[in-house]
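Per-chain numbering from 1; labels A, B, C and D assigned in written order.
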C-alpha cells in the first residue's frame, strides 16, 4: 500500500517534470507558420494539374482512367496556334488527386504542379476549362510577406524548416 | 480641483477600491484575459506548437480572449424552449457575483498606504469559505434550468464533487486557524512574518491546494464539464455572452481561492515593505495560477468515483492529519 | 418627380439620411470591432462527417496548428460559430448537420472540405450521399481528397478575410 | 430500435442518453445508452452515418479505378487497404510482383501501420482529456507522413500499389531520411510518451482493469487485430498467412495478457516497435531489380519507359483501362492496422467486378462497444472507445 502510494507520487512528479522540461526548453516547436511560410513539397507531389496542349494527342486515356469521373474531353481550338483537339478539362469539385491521369498519359501532356493549398469562395471556380488548364493553377500566396521553406527530417526535433 | 479630490477620495476608499479595482473587478478582468491566454500558450509550448498568434501578431496573440469575448458579445442569445428561462438567464449572473463575494473579506496587503480590505471582521476566514461555497449551488441550478440530460448529469457530478472537496478544504483551513489561533486572515498573515505556514504544516497546504484544483475544475479533476462524455456539462445549453460569463466563473473562483491560499499558506504580502506589499502578493498569486493552469497539459482527467475517493480517502485523511499536527504544534509551543 | 420637388425645398435630405444609415450599418467602428472579433475567433463545432476528419485533426495538431488564427475546435453547437463539413455527407448525417446548423447562434459559417463535400468526389454515383450545398449554405470550398492541412488553414484565413470585409 | 428502447419507459430510474453524431467523443457515430446513476445498463452502437456504399460503387468501376475507392474506407490506413485489394486482383490475374516491389509494398504498409497507431493514441488521449497526448502523437506522425509522401507523392491517400508492382521507386537519399525519422519516433516513444501518459498514475487509474475482454470472449466474438492480441491471443495474419515480403522478415507478434484498456494501448506500442524493426530490415535488405511485373513493363509508351528508367516513376500502361481478369472468385487476407482485412471478389471476366466484398476490422470490432461498455461507468465510455481504436468510415464503408 505504502509502496504503491510512493510509486504513484514518483510518477506524478515525473509527469510534471517532463511537462516543465518541455515548457522551459527552447526551440522545440515543429510548427509551420503556414500563411507566412509556404512549404516546398518534394518533387512528384501530386498536386493540381497543368496541360501542355501541344503534346496532347487527344487519346482520352486520362478521362477513361479517372476514378472520380472528373476529367471530361472537350473540342478545343487554341487561339494562337489554331490547333484543334479533344483536350481534357478537370473538375476539381471531384478530383481526388490520385495522379492516375498523369501516369497513364502516353505523351506526358499532363504534368504536376505541386500546388496543393487551394480554396475558393465560389464553386464554379473549381471547374478548370482547357484554357485555364493550359495556364495552370494560379493560386495567390495567402499573404504578402510569405516566403518559401523546405522541411527536413531531424533526429532530435522531428521536423526542421530551412529557408529556400 | 475639489471635485477631482472628492472623486479620488471616493475611488481610493477601501470599500470602493477593493471590489472595483484591486483585487476586485478590473484586476480580475485583466488577470483572466492574461490567464486564459497563458493557459493556451503554455499548453502550446509543451505540445511543440505556437498557440494563438495572429490576433495581435506582434504581442503573441495576447488579445485572443478579447476577440473571443467580442464574438460572444455579438452572438445570438439562445434560450431553448424547454428551459426555465428566468433562472436560465439569471443564474450565470448570480453565480458570477457570488464568486466575487469572498473578495470582500480577503485582505490583499496595502497599496499606496491604503489597507486593501473592504470589510475587516474577526471571522473573515469563515466568512470567505462560507461565501465561496455559494457558486457550486448556482452551477447546479444552471444545469437544472437548462433541461438537458447532459447538463443535468453535469450538475449531479458537481453536487457529488462539491461534498468531497469542501470538507477537506474547510478542515485544512481550520487547521491553519488552529495553528495561528485566529479566524482573522489579517492576523494569520501577520503571524507568518517569520515562517510561512506551508513550512510548518505542509499537509494542510497540500490538501487545500488539491481541493482548490478540484473545486475550480482544473485538470486532473475537470469532471463537471468533461467534454468527452458530457459535451460541456452544466453549460451545454449556454450560448453567446451567457457562456462567456459561465466560462469565466471557474477562473474567477480559481483566482479568489489562490488569493486565499497565498494569504493562508505563503505568507500573504510579506516580506516586502508596507507601501507596495500588494505587489508581492500578486506575484505569488500569479505563480500559483500559472502552475494550476499548467497542470492541464500534463494530466488526463480522473473518473468521478476516483475523484470522490481521492477526496474522502486521501484529502480527508490528510486534513485530519494536518489538524492533529496543528494541535500538537500548539501544545508543544505552549 | 415628387422626390425632385422635395429636393427643391429641402435639399438632398433623402440621400443624406440614406448615407447616415449606411454609415451606421457598415462604417461604424462597432461593426469593424465585431467583425474583427468574430474573424479571430472562429470555433468549429465538433461534428465529424467523414474521413477528411483525419486532416481536420492534423490541421490543429502541432505541425500546422490552426489555433494560431484563433481557430479552436470546441464541443457543442451553442458555443461555436463554424461548421467544417469534413468529406462526404450521407443522407443520415445530413439531418444531423442541418440540426446542428440550426442550433448554432448567428452569425455562423460553413467550410466544405474535400471533393466529396463539394460534388461527391469519387463517390459521384453513390446512392447514399448528398451535396453540402443542398443542406447548408457554404462559404468556402476546399478541393482535395483529403485536402492538405495547409489548404484548411488557408480556407480559415480566407473566411476571416471575408468576414472582415463585411460578409 | 424504437420499440426496444421505449419498452422500459416506465422505469423512471434510468435515463436515455443519445451520444452523437454531434458529440465531442462520438466521431461519426451514434450511441444509444441507458444510464442508471453512473452506470450504463445498456449501450447500443448505431453505425451507418458514413455509409457511402463502397461495395456497390465498386461494381460500377473499372478494376483499376477501385484502387483509390477501397482506400477511402480508411484513409488513415490506405496502404493496407490498397495491398489487400491488389493481392486479390493479382490472384485473379495470376501474376506475381517482383521482389523489390514486394519489399516496397511492405515498407509502405509498415509506415502506415505506425501512423495509424499514432493517430489512435491521439484519439485515445483526447478522449480521456489529455490534450498533450493528442498533440504529441499527431506531431510525431508528421515525419513518417513526410517519408510516405516522399515515396508516393501524397499525404494519406497513396494509391501506390498497382497490379503487378508499385508505381514509383524510392527517391534519392530516402534511406537516411527514413532512418532519422525512425530514430526520432523511437526515442519519443520509449521515453516521453511513457513519462507523460503511459506511466502517469491518472492514465493508469482510468485504463487499468477497465473494459476487460477475456480471452474466451475475444475468440467467441471474433475480435481482430490489436484488440484480440491484448487478450492473450497470438494471432497475426502476417504470421499465419504471410503475404508480400513478410515471410522473409523477422518480427514478433505483440501481445498482452490482461485484456483491459491499458493492455490494448500497450499492444499498439509494441507493434510500433516491431514495425520500426521491420522497416530497418527492409531498408538494409532491399533487393535490386524492377518494380513492376515484366508483362506490364513492355506495354507503356516509349517516352514513359525512358522516364521510368531515369527517375523510377512507372507510368500506367493503357491496358489498365481495359483490364479484364479471367472469371473466378478470390479471397485475400491482410493484417491492416486495426486487424484482419478480407477482400472477396467475384469476377465474371468483364471490365468491372461482379461483386466486391470487403470485411473491415473495425466492423468486426464494433461488437466490443456493446460487450464492454454495458455495465461500465459513464466516464469509462470514452476510455474504452479510445482504447478500441474504432474508425467509423472503415466500419460503415
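In this section, contacts are C-beta pairs under 8 Å (C-beta built on N, C-alpha and C of every residue); 3 or more make two chains touch, one makes a residue touch a chain.
What you are looking at is a predicted structure, and each value in this text was computed from that prediction instead of being measured.
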Comparison of A-B and B-C (more C-beta pairs in contact): B-C
Distance in whole angstrom between the CA centres of chain B and chain C is 36
If you average the Cα atoms of chain A and of chain B to get two centres, how far apart are those centres in Å? 47
Taking each chain's centre as the mean position of its Cα atoms, how many Å separate chain C from chain D? 33
Using the average of all C-alpha atoms in each chain as its centre, how far is it in Å between chain B and chain D? 45
Chain B residues counted as touching two or more neighbouring chains: 46-50, 54, 227, 231, 297-299
Going by residue number, chain C touches two or more other chains at 61-63, 65, 68, 75-76, 122, 145, 148
Multi-partner residues of chain D (at least 2 other chains): 23-24, 68-69, 132, 135-136, 139, 142, 157, 196, 200
Graph of touching chains, which shape: line, ring, star, complete, other? complete
Inside the complex, what are the residues of chain A that reach chain C? 29-35, 38-39, 67-70, 91-97, 116-123, 126, 142-143, 159
Residues of chain B touching chain D in the complex: 43, 46-49, 149-150, 153, 219-220, 222-223, 226-229, 231, 296-306
If you look only at chain D, which of its residues touch chain B in the complex? 15-17, 19, 23-25, 35, 38, 125-133, 135-136, 139, 196-197, 200, 202-203, 205-206, 377-382
Considering the complex alone, what residue numbers of chain C touch chain D? 45-51, 53-55, 57-58, 61-63, 75-77, 88, 90, 92-93, 96, 99-100, 122-123, 125-129, 145-146, 148
Once bound in the complex, which stretches of chain C touch chain A? 62-65, 68, 115, 118-122, 124, 133, 138-145, 148, 150-151, 153-155, 157-158, 162
